[in-house]
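The structures come next, written out as structure tokens.
Common to both upcoming complexes is chain A, partnered first by chain B, then by chain C.
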Partner chain A sequence: MKIKSLYFLIGLGLLFSCTKEAPIIENKESILSFSGSIEKSGVYQWVEQLYDIHINDTPLSNEGYPPGELFPSGHLTRSAVVGAVAGALSDMGYKADTIQLGNEPHIAYNVVAEQKGALFPEEVVLVACHLDAFYGGADDNTSAVAAMLEIARAARSFSFARTIRFAAFDLEELGSVGSTRYIEAGYASDVSCAIVMDLIGYSSAEPDSQKDIFGVTTPDTGDFIFVVGNRNSSDAIQSIISLDHTASISKSVGVIAPGDGTYFMSSVFMRSDHGLMWYKGIPAIFFTDGANYRNPNYHKISDKPETLNKDFLGNNTKLVAAAVALLAEIQP
Partner chain B sequence: MTDKKRNSLTKGCLFLLIVCILSASAKNSYSQNIPAERRLEYSAGFGMIIYQSGYGLNNSFGIEAHAGKYIKGPVKWQAGLRLGVNPVLPEAFCRLLLTEKFGRWKPSIGLENGISKRAYFKSDSNLLKETREAMDRSAGIFYLSSHSELLAFQINPRLEISILEIDFGTHYRSFGKTLRLQTTLLRLNTSF
Partner chain C sequence: MKRIVLISVLFYITSAAHSQKTVAWNSYLQQNGLYYSSLNMTMAGAGIGAGLGITFHENLLAQADLNIYWINGNAFSAQFSAGYKKKGTWSPALLVNTSVLWGSGTEILLDDGSRPADIVNSVGLEIAPLRFENEKGYVSALELGYGIGRYQGKYIEITILKTGIKF
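On to the complex of A and B.
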């Protein structure tokens, strides 16, 4: 009981309520135009396609990573998806690079492509997700890869002040290996803000379908997307949540982790590729449906496309697109 | 760390404590004539060190030994070494303390600066290993912590005992991102 009370108090400190005045968002029409150009059906088609690629791929060696509860290390795939994502970006007209980092048995293959900014090309907005998955990984993390590809497709028809860099990181499931090597190798030194997506397609209208996250009290019904930030990204979170609420793009709940978000008690919010970015002082925003705090199929063979909510996934992709347009300053 | 090394370290800790007790209880007319504020103090203690960063939490028992002397009035310095029992991860530190005496009660508070290898987590798990290492590299080796000896008592003119000392600190280069909590369960202090 005492532990629960402690968690509750911590939760109160973590849960963010928008007490500030609503931020003024410039160029809102263009942002919503970009968001509106996202095709929900296109996102789901990517999920089905990438899921099939994962489920038919050969799992990686799990040497050094013994299987555990919710960690089926012998069922991690990514090789074929690396090629599929790079190919898809190339087909859209991007110059897609596959950056190889580290050594055997776990070389990381990060797929990266850029759309150069029109005014401030040296300032980069990173749009990232991980491409490796246990089993087919429809929600974790094919949903986010699909969203990234759809946003990349839509971005070709628009102009942005800042450079948008799309990155599909490898081996997140083994401990953010791909993104850590990417950051440590200096590739993220020009990133002014990052958007990281990890599981964005599962929702449930059932009461009590959303569990509280490490003491943070959340709405009981798991039909919303978490937009998580820290001190460095709090203004951006305010703007994204405000944009979502005024334009009814999706259903979002904003969470600001205390300080830079890297304290031990709040490290549950670092559970993806943005964790080291927070630690290194790179502003980063994390979109998630809450993973195992909501999705009963988390890291299981049952994480299949048909368990996702197509409309929820589509709306979340639109919201992420709006965030990209906001941060990269879409041109009128 | 091998069992042999751990046993040696534990024996070393006990040896230091015994030396403190014996030297404090031995008659020494020379040191009896020196005012307390001019004597050099030696301490040995045993406690628990908890260290945490974003993805890691380590804790281990540790021993420490330090020397110290009054500088002026209630201000004194201390300098010493601290070793974890497992992992060893040595630390060197210096402190500046304010000490006051109320009968037998002799509380102190102050600041500790140190060099520590404790920012570098030891873990058998490969999961998040590279990320933890990247964070460790950011943390650096210099730390700052508060130090409080609120339950310190003068047993006789040459022997003090202190229990439940609390040190609470962080690394300079990752200020606030790492947390050090050290509880010295028992420390004996003698002076010459």
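On to the complex of A and C.
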């Protein structure tokens, strides 16, 4: 009788174990119009320019940060790129602010600019990446800064219901210092959803080029972009993957970490500026190519522009743009 | 003919009486760990469980248990196992099992953006090489399980320690 009861419960469970479909996307034409306005060549030009700025900059002092194999702390640059990013945003017509947070020897310089929303200006969609890099950092994280700048350029020709705030955070490589100070200082209290990019330009068509991530089985070939969220951003992740599936913008794999995403086994998916946002309950979506689980040049001097896949980077920028348009509610 | 029927009835009654003595129930607690990895769902954790078992003729056993795991959120499993064990104090066992897992896990979305089902079922084998029992109960250490499941999944299970009381 007891065994029969157990089988009844098992059968009942399987009966309700159906998949959950992605939400229906409205205004798809406008979203794809914005995504289509991204110029792939423009993204790669930014990568080359910013890479040159990094490689010719003077590294920060690594006092208090002993170097390690994955952490070449004596080769971290950011100073010149802070000015370059702020200048680029200003040239596009934005009011770019450089927000200084913290004290010497590691003051964080976060570059922030906004495009006000037409209907709900108090609701902010944060589009973020980190601007510091080891060596030239073509993939980590010049690829994402370049994508952010190109999306910012394209956004000037469109109208969105919500405010879009572009943020290039400093000192992520020292432990998400810039974004942590930004959030703790209350600057993110109006963020309704965040999109964070960290390494979005490296791909490989070789089998087994993508390693499983901390016990989580992933596709073997590293020719896709991860779009990662938690329970707070799961609907948005589903919408982005569904949009990519129907419009073939890039090749994406959606990942939803359990709960708020901070459990031990999924904590590896928190390794960027969205980590504290997950802790704070801010919905945040993370775009990445998998970092050291795919890119052999991760945190090495060999992380150069020519190792990136231009087409992959361009397509990923288009996908992020589509996500921005979706979340900020682009106006028809 | 009557003699044959009589002998048969007596034999049946004797057997039935004997089998009554060889059916034994037990309840048990266990500490275990589970790792379920598939194309669309990864569940894992260390946890505890409780179950009910029954032994027939001292060799055949069946058991059902409920378990909870922590590390990647809270995951649960319900497992039914049946198999053969050796008689005696040292009583190693080999079982086949079927289980259902549900709860928290890391999800890889399906291509169209759908979320995978949050309940996965699996079948597998389990060995209990260090199982010892007496007339009151049993202990079993380092039981190992391996199986396959939904979304081309594979699971590995290890029971660190299981203790059961017969009643």
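In the analysis below, the second predicted complex is superposed on the first by the 313 of 332 C-alpha atoms of A that agree within 3 Å, B and C clash if a C-alpha of one lies under 4 Å from a C-alpha of the other, contacts with A are read in each partner's own complex, and residues count from 1 in each chain.
Here is the rule we use: a contact is a pair of C-beta atoms (placed from the backbone, for glycine too) under 8 Å apart; a residue touches a chain by one contact, two chains touch by 3 or more.
Bear in mind that the values here come from a model prediction, so they are computed numbers and not experimental data.
Novice: For A:Gln238 in the superposed arrangement: first (chain B), second (chain C), both or neither?
Specialist: second
Novice: Given the touch rule stated above, what does A:Gly64 touch, chain B (first), chain C (second), both, or neither?
Specialist: Only chain B; A:Gly64 stays clear of chain C.
Novice: State whether A:Gly254 touches chain B only (first), chain C only (second), both chains, or neither.
Specialist: Only chain C is touched by A:Gly254; chain B is not.
Novice: Who wins on chain A residues touched, chain B or chain C?
Specialist: Counting contacted residues of chain A, the larger count belongs to C.
Novice: Going by the contact rule set out at the top, does A:Gly275 touch chain B (first), chain C (second), both, or neither?
Specialist: The first partner, chain B, only.
Novice: Does chain B (first) or chain C (second) touch A:Leu174, or do both, or does neither?
Specialist: In the superposed model, A:Leu174 contacts chain B only, not chain C.
Novice: Between chain B (first) and chain C (second), which does A:Gly215 come into contact with in this model arrangement: first, second, both, or neither?
Specialist: second
Novice: In the overlaid three-chain picture, which partner chain does A:Ile183 touch, first (chain B) or second (chain C), both, or neither?
Specialist: First partner only, chain B.
Novice: Please work out whether A:Tyr263 is in contact with chain B alone, chain C alone, both, or neither, and reply first, second, both or neither.
Specialist: Once the two structures are laid over each other on A, A:Tyr263 reaches both partners.
Novice: Both chain B and chain C contact which residues of chain A?
Specialist: The overlap between the chain B and chain C interfaces on chain A comprises residues 259, 263-264.
Novice: Can you list the chain A residues touching chain C in their complex?
Specialist: 2-3, 6-7, 9-10, 13-14, 16-22, 215-218, 234, 237-243, 245, 253-259, 263-266
Novice: Could you pull out which chain A residues touch chain B in their complex?
Specialist: Answer in residue numbers: 64-65, 71, 174-177, 180-181, 183-184, 259-260, 262-264, 267, 270, 275-276, 278-280.
Novice: If you look only at chain C, which of its residues touch chain A in the complex?
Specialist: These residues of chain C touch chain A: 35, 37-39, 42, 44-45, 52, 62, 64, 71-73, 78, 80, 100, 102, 104-121.
Novice: Touching residues of chain B toward chain A in the complex: what are they?
Specialist: 52-55, 57, 126-131, 134-135, 138, 176-177, 179
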